[in-house]
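Mind looking over this structure? Questions follow.
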Amino acid sequence: MTDSNDLSVSRSAARKPFRRLLLTGAAGNLGKQLRGALADWADIVRVSDIAPLGEVAAHEEAAIVDLADAAAVHALLEGVDAVVHLGGISVEAPFEDLLEANIRGLYNLYSSAQKQGVKRIVYASSNHAVGFHPVTSVLDADAPLRPDGLYGVTKCFGESLSRYYFDRFGLETVCLRIGSSFEQPKSARMLVTYLSYRDFIELVRCSLFTNRVGHAIVYGVSNNRISWVDNSKAAFLGFRPKDSSEPFEHLFPAGAPDARFDDPTQLYQGGPFVLAGPMEPKRNNAAGESR
Amino acid sequence: MTDSNDLSVSRSAARKPFRRLLLTGAAGNLGKQLRGALADWADIVRVSDIAPLGEVAAHEEAAIVDLADAAAVHALLEGVDAVVHLGGISVEAPFEDLLEANIRGLYNLYSSAQKQGVKRIVYASSNHAVGFHPVTSVLDADAPLRPDGLYGVTKCFGESLSRYYFDRFGLETVCLRIGSSFEQPKSARMLVTYLSYRDFIELVRCSLFTNRVGHAIVYGVSNNRISWVDNSKAAFLGFRPKDSSEPFEHLFPAGAPDARFDDPTQLYQGGPFVLAGPMEPKRNNAAGESR
Amino acid sequence: MTDSNDLSVSRSAARKPFRRLLLTGAAGNLGKQLRGALADWADIVRVSDIAPLGEVAAHEEAAIVDLADAAAVHALLEGVDAVVHLGGISVEAPFEDLLEANIRGLYNLYSSAQKQGVKRIVYASSNHAVGFHPVTSVLDADAPLRPDGLYGVTKCFGESLSRYYFDRFGLETVCLRIGSSFEQPKSARMLVTYLSYRDFIELVRCSLFTNRVGHAIVYGVSNNRISWVDNSKAAFLGFRPKDSSEPFEHLFPAGAPDARFDDPTQLYQGGPFVLAGPMEPKRNNAAGESR
Amino acid sequence: MTDSNDLSVSRSAARKPFRRLLLTGAAGNLGKQLRGALADWADIVRVSDIAPLGEVAAHEEAAIVDLADAAAVHALLEGVDAVVHLGGISVEAPFEDLLEANIRGLYNLYSSAQKQGVKRIVYASSNHAVGFHPVTSVLDADAPLRPDGLYGVTKCFGESLSRYYFDRFGLETVCLRIGSSFEQPKSARMLVTYLSYRDFIELVRCSLFTNRVGHAIVYGVSNNRISWVDNSKAAFLGFRPKDSSEPFEHLFPAGAPDARFDDPTQLYQGGPFVLAGPMEPKRNNAAGESR
Amino acid sequence: MTDSNDLSVSRSAARKPFRRLLLTGAAGNLGKQLRGALADWADIVRVSDIAPLGEVAAHEEAAIVDLADAAAVHALLEGVDAVVHLGGISVEAPFEDLLEANIRGLYNLYSSAQKQGVKRIVYASSNHAVGFHPVTSVLDADAPLRPDGLYGVTKCFGESLSRYYFDRFGLETVCLRIGSSFEQPKSARMLVTYLSYRDFIELVRCSLFTNRVGHAIVYGVSNNRISWVDNSKAAFLGFRPKDSSEPFEHLFPAGAPDARFDDPTQLYQGGPFVLAGPMEPKRNNAAGESR
Amino acid sequence: MTDSNDLSVSRSAARKPFRRLLLTGAAGNLGKQLRGALADWADIVRVSDIAPLGEVAAHEEAAIVDLADAAAVHALLEGVDAVVHLGGISVEAPFEDLLEANIRGLYNLYSSAQKQGVKRIVYASSNHAVGFHPVTSVLDADAPLRPDGLYGVTKCFGESLSRYYFDRFGLETVCLRIGSSFEQPKSARMLVTYLSYRDFIELVRCSLFTNRVGHAIVYGVSNNRISWVDNSKAAFLGFRPKDSSEPFEHLFPAGAPDARFDDPTQLYQGGPFVLAGPMEPKRNNAAGESR
């Protein structure tokens, strides 16, 4: 997997587990969190986004890339061992935009990765791929897909596409059904879906370093008290969250149950997302924005 | 849900999550444990039992009610937001008594609750609804009903009745399949079924405050070493027991396995209950006794 | 099981499989269908109902019995080998009536049967024990209980009570979740739930003659084209329906799907039953009426 | 659903179950089979394709439409009660083409259908959505998605998208995972996947006329001797195939098992499809071609 | 797989699907039934048994072989395409005998088959591998092993051993859990377990000719009215029994259920087998006797 | 179970839970770990092996026994309450050796135990009974058997044999599917399969002292971060591992995933075992060697 002809990095430094990792969506919220951690795992960290990437470190290669641009994506994958794919749109958006960033863009990524011999992709799927399950259910990796918007539909597309590339070519993918990864929960719902930055980084670490992952699905949530998910079928990844939303529960004190008993944003795991789509096309909506 | 016409409680105090909670069976063992805790959760705590209720606090309303008395139950439910129903008979008893307290009484409760707009009932079901499962099995919320006595049969009735009221009217219920909730375990079997008072109160808290519960089934046991139950399908309730029977294991030291290999009280989870019924009618057996 | 001291029936005639079968609810719709068939299976057919039973044949014993009358039921069970229990109320009714006929009455039946050594009861449960499942689901014997009315709740009670008597005493029961057994379907819904009289009789035959049945649950429907049930877990009973509602499909020609998309009577298997309950008490409502 | 203001069709003729059905892909192999049958089911049959549609009957409305053209699709859906969607690409093809016809085109269809109040879509999914399951497995409606090519991936997309429109808006879809529907099987594999034209038409009929279908998944295969699928979870549709591939078995006599034990086209249900993709873009490849 | 150096059979005749099939246990009850059928499927039929094999046809090769003799078994497998293994002991027997014939013998068979490149073995397992399941259960291919005797234990061994040879070397096996294959049922139990000779031959045909079988488990029963098994997971084999025990039901008319409610021979699917073992060693008990 | 007539041990000492425990394979790696612990659990500890047993303590009885010697095993079981069976071969070995030690030897053990009234056997099965499951799966007690060698096949045999003795005679067995129990993990794979000595002893303790175990299957692994197993169905045993391989993870730092994507030793849980067998017979290979 390492390219012995590439002399631009001295062999003395080449003792990290990976030779070159690609991080897409590096300018986004989660990309920023992860970017530093990758330095410990790879000699070279290639970062990309459609947005500016800030200062580039010595061990980094930076590229501004629109995922919908096949040629650019092909170049981006060159010499890459593994990918952490956070790029694309990560919120509900008009279909046209999602089509370019999350469907055409994802195909470009997998097609190029396969052609260039990439062995593994860690793919930021989302709990919105299953957000139309009720909040009174607990989902495992085999739960039926129930996207809660067009964004969620594109995440389902990504899970199917990556499954195909694994079955057809052995290109491994870990689909991270990420909950809500922020500094801290921003709502009562996020007490359930919260994924601390530290746990997020650990989840990516497990996804990259487990020797074989096949095509895996794992929920990205911290060890919160209330849980809608069950990761027992992904125990082979060794992801054991260390954080919990419990310290933040006081911010959103439980009251009596909400009286609007037919409010879909209260009934389904997707919360407000279940009513957010479908969106009409907007002017100037940038495809390929970072997560 | 709050009744703005009721002026008897000053608005300045009305900042607790619930306006009025009803606790039935308040004079019983578990009712006494819970009664104090409810003060923190509701402006007004209405307590009822067929037995004397002791001193009534300023925030409390007390009522001596026979659950089999439909009119009395109807009055009891007036103005109530939610119910914790511990009332009725909680041990094996003659059918006639169970019929009045646990079947007729429960129907009275649900019928009145629905008519008066109550939104949720926390229902003390029992592990005896499934007590004829062997001690070598582990039950989740979907385990088939296997009542171990007529008492258990009435608990199955309650689970079916409450399911109907949820499907028909959206009246939510959490069925607590309570194990053995005492100061401490009283037998080797109770090392498995033990539910500490603290965990019991926490379980009721989760059942009342989770925003949506639908019709849920959860086992009421502490985090004991040996377990016959699996609450993973109720993870959305956020119940995480803090206690365990381990500190009491020394009271009932394990010996060699009991030699009577066909003893049903050793083979089934219900323990001695599996042989306790059916009981013949007795004189002066009080229906509606507190749990 | 045969009583060799009973000389009232000559031994020469005593060559039928059963010595004495009890049929409750014999004056009802299904009771009338079955009554004749039983003559071939038992030397003596005891028939009972709360309503008049018509002419009594030579091989028959007739008894007018209110199931809520414990002493009368006890006498009814004397000397009986097996029971086909069609008695009680078989439609939605006020709770008081259901309580007497279907709860107290059923307890009387099982209690007496056990005390008198009856070995098996074929129990007319109902599809209304699971009628709140959507019409887009297919139910097997392990489907969760979802009663669609108080009548359905009492059928769930019967399934739990009979389970207990099997686990406790080995008294076997086959719970027949009967669909709609009439001369012919009376609505589009009944095209799905139709059970021809011939198939009904065959189902009872299988339930009585299979050597071991334990506590079994089987759906009573003919081989209709559209099906909401799956009897594969009851294949040990050998019930293979010979009829179908297909010849009656022209009576209820399918139109475009009904436009009222939130009409519960169209969404749930129970059809009109899902809105029929709970009923208020009525004057003069006879408990214990025949099925 | 019928439009009483529309006077262009005399009321005397307006006695067919549907007022107006839309058939997309009407110029394709299966479209041609179905086109005639629809005349019996709807007053007006609107047929569309990107290819010429031949002679248009009196009860028909014809439209040449590229599914990727949102405005054209919106117009196509006007006044439609229900849709049979056979349009789009139905074989492995370059991603660009599939993207336009099967992804953008399908979004256009659902988006327009929802806005115009269409109540149901019968969607031609494919066994290629699950074609990477081994030939030694039997799949039911809950089998995990395992697309065997990019074409299959777009079918998975369609199943997710239609699920969303059902959960969000109640727009019902039956996903037909059609096997191989031709005059007769063309290979040994098609003996397993064969769907006769007659059974295909019956399957569409069941999908249109069943009163409620929710979001259903059903395999479109005849009653062939060897089967890789199990439609028991879709029994509520009432699809009972009348044909079988058995009369054609002599055309492809079984030999000794194929010796190439690692040949994926023999190991997976998708057969030759599993190696067909991904295809490189071709010049002049028409998107939106008929099935 | 065909041996081009073997000139003893003229090429003109070599048009049957298999070049050489081996039938072990050919002198036994089922071996005799099958021997003729094999002539249509293979140019050369090699038959073996520990007992005399009768007249040998022109297309046959006969060998008297003790399965416990590794060298003899190795020679027996030479040049063989596929095996139908009916050899070994097929009834409860002392462990020593079973060890030689069914354990050591089976290992010899698989070890030699693998070394000589045999591609598939049709293995006569037995319903006695699962005979300790109750008669009120219905078993599919994933039912837990519950052998009802030491004979059944050796059949479990065979299923595990063959699974290993498939996982390790790709040597395919179909495990036939044969019920009771005789001219006609000999008891009421055999009405359930009956496999007609015709259906048995068809089952072997399906097992040999299905293109890929992996490691499959299928129950060998005819289409009897009462069934304890469910072959839906083996639908890929295409086995559709044409016979039924129904014509023989009159031979064993159902009476009232057997009164001995704790009789294991009535409670478990294995019937009398469940009490037959373990047997003490006997003098002169021949190992390797034919089925 | 204690024999009150046996005066050879003074009553004052006879206060341990068991009267006499047998430990086979006592000279092996795990046997040595356990031997001391047993002193606390039984008045008399009988230890056996085919290899020298070292110094014999006052409370011990020692016996050199070849498990393949039926008479010797019969004597060994005399007066025993329960057995911890670690004896036999615990690595891949030629079939002949495994046959003697693990098949004939195990039969001797169970046959003698049953005849002498032993109530429970704790049986050292192995993760190699299921070692051909992929490393991307998580196995519970119902996972299908997938032995990864002939050694694993003999462990499957033991699980079937013991199941039979439980169903037939009520002789209880806990099958311990032991992972890798050493001082510390010796490879990256053992980070997953590691069972600390302390946890191993606790697992045996739970297996001996739980009042009823029936026929149980439990995985013997510590609380390692990465897990391939799920013991939730064995929660009734109360085994809660206290150790983890995490402190040893630094010894086998994760690199980039291994590049040989078709290496079975990386793909399957059995690791190197999956290629170790079948072994050819060797000279002087001792049967019955200790674990």
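We just call them A, B, C, D, E and F in the order they show up, numbering each chain from 1.
The definition used in the following text is that contacts are C-beta pairs under 8 Å (C-beta built on N, C-alpha and C of every residue); 3 or more make two chains touch, one makes a residue touch a chain.
No experiment lies behind these values; they were computed from the predicted model shown.
If I compare contact pairs by residue number, which of C-D, E-F or B-C overlaps with A-B on over half of them?
C-D
Just grab the chain with the largest centre-to-centre distance to chain C, centres being mean Cα coordinates.
Relative to chain C, the chain with the farthest C-alpha centre is A.
Return the chain whose centre of C-alpha atoms lies at maximal distance from the corresponding centre of chain F.
Between chain F and the rest, the longest centre separation is with D.
Calculate how many whole Å lie between the centre of chain B and the centre of chain D, each centre taken as the average of the chain's C-alpha atoms.
52
Once you find the CA centre of chain B and the CA centre of chain F, what distance in Å lies between them?
Taking the mean C-alpha position of each chain, the two centres sit 43 Å apart.
Please tell me the distance, in whole Å, between the geometric centres of chain B and chain E computed from their C-alpha atoms.
Each chain's C-alpha centroid was found; their separation is 55 Å.
Any chance you could list the residues of chain B touching two or more other chains?
Correct list: 232.
By the touch definition up top, name every chain pair that qualifies.
All chain pairs meeting the touch criterion are A-B, A-D, A-F, B-C, B-F, C-D, C-E, D-E, E-F.
With touch defined as at the start, can you tell me which chain F residues reach chain E in the complex?
For this pair, the touching residues of chain F are 95, 99, 103-104, 107, 111, 132, 142, 144-150, 152-153, 156-157, 159-161, 163-164, 167-168, 274, 277-278.
Can you check the complex and tell me which residues of chain D touch chain C?
Residue list for chain D touching chain C: 1, 17-19, 81-82, 119-120, 170, 172, 208-214, 216, 232-238, 240.
Please output the residues of chain E touching chain C within their complex, sorted ascending.
Interface residues on the chain E side: 134-138, 188, 192, 225-228, 230, 232, 253-259, 261, 266-267.
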